[in-house]
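Multiple structures are listed underneath, in structure tokens.
Next come two complexes built around subunit A: one with subunit B, the other with subunit C.
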Partner chain A sequence: MGTRQADKISRLELFFFILQSVIGIGILSLPYTVFSESKTDAWIAVLLAGIAITINMMINWKLSSHFPSANLFDFLPTLLGKYLSKAVSVGYIVYFLAVAYLVLLLFGDIITRWVLPRTPVLAIYFLLVSTSIYLARESLSVITRFCVIVSIFLPVLLILMLVPLNSSHFIYIFPIGQTGLEAIFKGAKETSFSIIGYELLLVIYPFVKGNHTQIRKVILLSSAFLTLFYTFLVFNCVIFFSSEELEQIPEPILYMLKSFSFRVIERIDLLFLSIWIVTVLTTFVNYLFAASIGIKQLFHQNDHRHFTLAAGFLCLLCAEFTGDRFLVQKISDFLAKASFLFVAGIPLLLLLIIYMKKLRWHGR
Partner chain B sequence: MKKSYITAILLVVFLLTGCWDQRLLKDVRLLLGVGIDYQKGNKVIMSSVVTRNLEKKPPELISTTGSTPRDARINLQRKLIYVPDASKNRIVMLSEALARKGSILEVLDVFYRDPRSALNAKIAIVKGKAKDFLETQSKDNPDLTAFLDRQIVTSEAATIVPDVDLQSIRTGILDPGEDIMMPYMGLNKSNVEILGGALFHGQKLTGTLTPGETTVALLLANQKNKQTTLTLPIEKGVQMTVNILQSKRKLTIQPTGQSLKVSIDLQMNAEAIEMPFGDFSDQKTVAKFNHTLSEEINKEADKVIKKLQAANCDVLGIGRQLIAHHSSYWNQIDWNKEYPKINITSSTTINLTRNGILE
Partner chain C sequence: MIDFGSQRDLEDYIKATLTTDDLLTKHLTIDQLNLTIYYIDTLTDIDKLNQQILSPLLQEKGENLLNTIHSIASKQMDSADQAVKYLLRGSSVISLEEQDGQLSLWNLDTGSAFHRSISEPVGEKIIEGGHEGLVERLSINLHLIRKKITNKDLIVRYYRLGTHTDTEVALVYIQSLVDQDVLDEVTERLANIETDSVISQAVLEEIIEDNPLSLFPMMLNTERVDRVAANLAEGRFAILIDGLASVIILPVTFFSLYQSPDDYNARWINGSFIRLIRIAGFLIATTLPAFYISVISFHFELIPNELITSIHESVQHIPYPPLIEAFIMELTIELLREAGIRLHTAIGQSIGIVGGLVIGDAVVRAGLVSNIMIIVVALTAISSFVVPSNELRLSVRILRFPLMVLSSIFGLLGITFGFTILLIYLCKLESFGKPFFYPVSPLRLRKLKDSLARSSFTFKRYPKG
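Presenting the complex of A and B:
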């Protein structure tokens, strides 16, 4: 795929693209998910997961850096041959769509439960999907610029999270390490499953300006930011709720904010949710974009717009006809495992293939 | 053309979504306070203070019965033209009898489960029936029923009652290492009064403290609020009132083998705000005052600690300290059985640093 100069994005834009792809649907329930495994050591588990995520990111970077002007769908054929590469491409496209679909499902569920109980969930889906299609139809630079602009909301989220600190009990985290290594690792595993989004790097890498080391620096920065961001959220919840209480609250951040009110804004949780919707939107857009780029290249087309429209509505349809929340839970669990394959497994395998090919070449 | 078409569709959607979930203030009657009583046959009586939005009148009090609080609220709806809305609820009052049954979280579930309910509403235990309490208030001064929570909020600031709300009591109840204390209110003849603190063991009301004792308990628990006054005997027939300016608490916990030694060291700086016969210019006199005050507060503290232990109410959070710093000891014992038996000593000192504008 030719990379035109106009489509290039700066490294700052890459940084915020990664942040906005990763931060999204998961932040509301992550403290609950990790806590159910690692209890009061949940924050340690998140820190550990941060290391795993950084390693994964580095694998993705290393793989992409071998192909400075080609993205995942371009370089797969050179590594895997004609037919296998098609299969893997389709796999990635389905994976991107599945993540978008899950984001949509969870988004509808949370909005229904917290804000709009009487609104048909289809209307909620439609609002997200239609706005997302509108944005994902555009070029990468438009999307990343949007990611940069809406990132001014991230500090607001952090500031809102400072509100409960005054009524928190720091003693809840003691004794540190009481749950044991096994529980902490389990929590870290859960966390690294739910913090995904940086694998989109494989699709956009050739569009980033700058050399490999400069890009690596940006990626490392973003992983550090993400780790600290998530650790802060989880830590905040652990010191606010007592153990048994946190196990009963699937969206602890909202619940925590709900118990505070300012003079002007009574429901801080709704303020948080409004900002959170934007971060969910960017996640959804980025995945939709990646999927439609994949489809475009799979069929050797020049324009991804129609595919964006189709992919968006496919997600909408699937979400509408998904059954009860237990099924959603199963899908979510399955996708968490599948994500491991696409985020770390396949990239690592491809990297090995590159090294093997190089060895053979040197051998000759 | 095509673009404007899409934009038009999108705009229509935005107009539509509000309809399903809009709640107009004119179509609801806001619940400002709720009192819950237990009735025989596993029923609850819910007395709700609801606004009258059409007439410009003070809120009215309506009592309904139901098998659960939610059921009672649905029954309330049958009595009203508009939908009752709990999103602006300011206070929940539970009757003493209900709290003694030992399952207040079940009763309060409706307030926790509903995404729109106000988690920062105040909560209080009422001596006698919550219904009678609210009825008296409503008859005497119906305007005031809209501000029932204010009485608690001002008492919180004066360290007369603990600073708790619906959310924070749930955290405390569900934590194995601490217990909670709630404001205790009641009728004195026909006056609505703060009666002190209601002591809980888990979800069960197990005892009460007088206002003075509650203040001491809060000081021991390191929960001094903006203002804290204590009136203590200083000589025979003479009382001195002091305002605590600063308080420093140190909780030392030493598990030695099977027994546990807990000592509370409380050091306070105070200002004399009433002492008709005092002479604060003399250093010796002030030292004597300090000594007597410290002695008196120590007696009071011992009494309060005994009461807390009798009620099995670990409001000081000793169990939490054990979990955090002595977890091996914590794992061996059953705190519910151990707490009333442990040895808690306190040493409290008051140091007068100010005496107003008189010597």
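Presenting the complex of A and C:
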């Protein structure tokens, strides 16, 4: 894979790339998911999940740092051999596409329920897919530049989330730890399944400027930011809603914002959704890009543009023909488990293989 | 001395090459030396010819004659074709036959220099500061620029472009400030231009720019001397074309198109404020009608309760969907604007009154368009006027139409996606290898204060050189 200087991205861009890959569709439903497991201690569960995510990120970093000029699809053959590596490559490509597909499904679902109830969902899918293809067919540097620009929306989201604090009741979090360790760990497990996106690091690592320690610092920073960001979201929901309420609303953040109005804008949730769309888009784009890079390298091509187009429309078709809500739930649950394999399992395994190979080499 | 054959041969050759009637020749014999003077009547200043050539020549004799020619001629030429070329640029050509039969050719600049006086460009007025504008003569424009920048690093490179027009083009830059890669790129592209004629700058721009299909202007056209000088001082290139009063400046960024010399004449807080207002103007000009359409047709609940009744009242009797309503008014405004430009100033003003007041009022009374829509469209039009670059103004005017269509189909979602596509496009664009949306993308926080705002000169660290 060519790593020309022009394609390189700065560490700032890496930071926002990770942020924009991770933050996306999940933020609306995460508080509900965690709450159904860990109740009022949900925020502790998210903090714990943050540690797990940081460890996962470090595994991905450690693995990539062994190959400073090769990405996942390049170094798989040297670790796994010709055939097995092909299988794993295909596995990753399918996984990336599946995540993109799920993002698309959930996006269509939420937009239909909250903003445009009578617009055919295919039109909404098409809007997201066509815009994403337009960006994902560009080089990584353009994509990361875009990720950096749209990150100015993150503070806006946070500020919007500050509005409900005024009428929150901190008493809701007490007594801390009432649900017990088991429930908290269960919640943490759920959280770490739904906070994914940093595994794209495996694909873009060789393009980042700087040495390994510098990059590690950026990754740690981003994981810290993500942990605090999600903890804040969940905490906010927990102190705003009573337990009975939070158990019944799948998108607590939107309900929370809906109950407020400024003098200028009556429905903040619409404003929130309009901005949230962009963060969903970047998640979708980044996965689409990673998948098409994978396909490109699988077939030894030079250009990923056609594959982006094909992959995007594949997601669109799949989403159109499987848009059943129960099926979505099933796929979502399945992907959560699969993500564990691709985000943590396989990288850890590869890392072990590297160490074993090193040991054997030293033994000789 | 190069052999051109005899005096007769040369004359035959030149007359055969230039068969035009305004080619004149004068034969003189001074002190047994045969002189022939060629010039194109319509390009030549006859007074200059008489004073600078004929009268000194007629006073001299023998040895001195050659010296005189040496001192008054600007160049000795070595081919008859070259002589023809210089004739076409307004020079006179003297062929001198010495006693031994050797011919020599001399070129003297006797071109007439008609040009209009230097005045402030109509399209780019500023409130205070320098009011010099460029004119249609390359040499005068270069003079004006050199007067502004007396720097040994100010380089002028001449090119002759256009096989039919043979237009003189000058590339101007400050050596110590420009990016060497961009310089190589620009000189290479200029040297490789193959075109028939260079009559307008658009010809040149389209040939040398990266994306001829780009929606945004990738170069800045200006007629202001101070703007050219300021851009040169920022390490950009200026391309001047003989016969045109406007200069092409490249490579530009989105934000440099939003700068005006006025920003730098004002105090920095005021300058920053004005610049931020302009950028807000960009957002309003592109999205306001779209936002209005999406609110009216999709998200009525976005408006505060107190406003709903009054908006509802003005909208309820309008027969058309908001998109059509908006298109009617936008089209009217565009027509008025175009009519106002093409007409004489006095008539232009009355068009403004008829259009703005009479049509606006009548259209609302007739119930075709709601009065809120009139406010929206008027605000949009005014916002699009604040762009200092004429070409960007056109892009901004066009940009809002796709956004309007998208918002009428998808509401706020459409605007978000439309704007996202615009942002992606801006991130993609590059002008001579420089990102167009710099310093926002790629983000350089330190440069932001000098592009979005205008920071004080006291904060500025000057680049070397």
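Just so we're on the same page, the second predicted complex is superposed on the first by the 363 of 364 C-alpha atoms of A that agree within 3 Å, B and C clash if a C-alpha of one lies under 4 Å from a C-alpha of the other, contacts with A are read in each partner's own complex, and residues count from 1 in each chain.
The definition used in the following text is that contacts are C-beta pairs under 8 Å (C-beta built on N, C-alpha and C of every residue); 3 or more make two chains touch, one makes a residue touch a chain.
From a predicted model like this one, the values you see are computed outputs, not experimental measurements.
When the two structures are aligned on the shared chain, A:I159 is found in touch with neither subunit B nor subunit C. Of the two partner chains placed by the overlay, neither subunit B nor subunit C lies in contact with A:L359.
Of the two partner chains, subunit C is the only one touched by A:S10; subunit B is not. Judged by the touch definition given at the top, the superposed model places A:V278 against subunit C, while subunit B stays out of reach.
Within the superposed three-chain model, A:V142 lies in touch with subunit C and out of touch with subunit B [touch as defined at top]. Applying the stated contact rule after C-alpha superposition, one finds that A:V115 touches each of subunit B and subunit C.
Once the two complexes are laid over each other on the shared chain, residue contacts for A:S261 go to subunit B and to subunit C alike. Once both structures are placed on chain A, subunit A residues 115-116, 119, 123-124, 127, 131, 134, 261 are touched by subunit B and, in the other complex, by subunit C. Those residues of subunit C whose C-beta lies close enough to touch subunit A in the complex are 298-299, 301-305, 409-417, 420-421, 423-424, 427-428, 435, 437, 440-443. Here subunit A touches subunit B in the complex through residues 113-120, 123-124, 126-127, 130-131, 134, 167, 169, 171-172, 174-175, 178, 240-245, 255, 258-261, going by the rule given at the top.
Of all the residues in subunit B, the ones that touch subunit A in their complex are 6, 10, 13-14, 16-17, 20-21, 115, 118-120, 165-168, 170-172, 174-176, 317, 320-321, 323-325, 327. Subunit A contributes residues 10, 12-13, 111, 115-116, 119, 123-124, 127-128, 131, 134-135, 138, 141-142, 145-146, 148-150, 261, 263-267, 270, 273-275, 277-278, 281 to its touches with subunit C in the complex.
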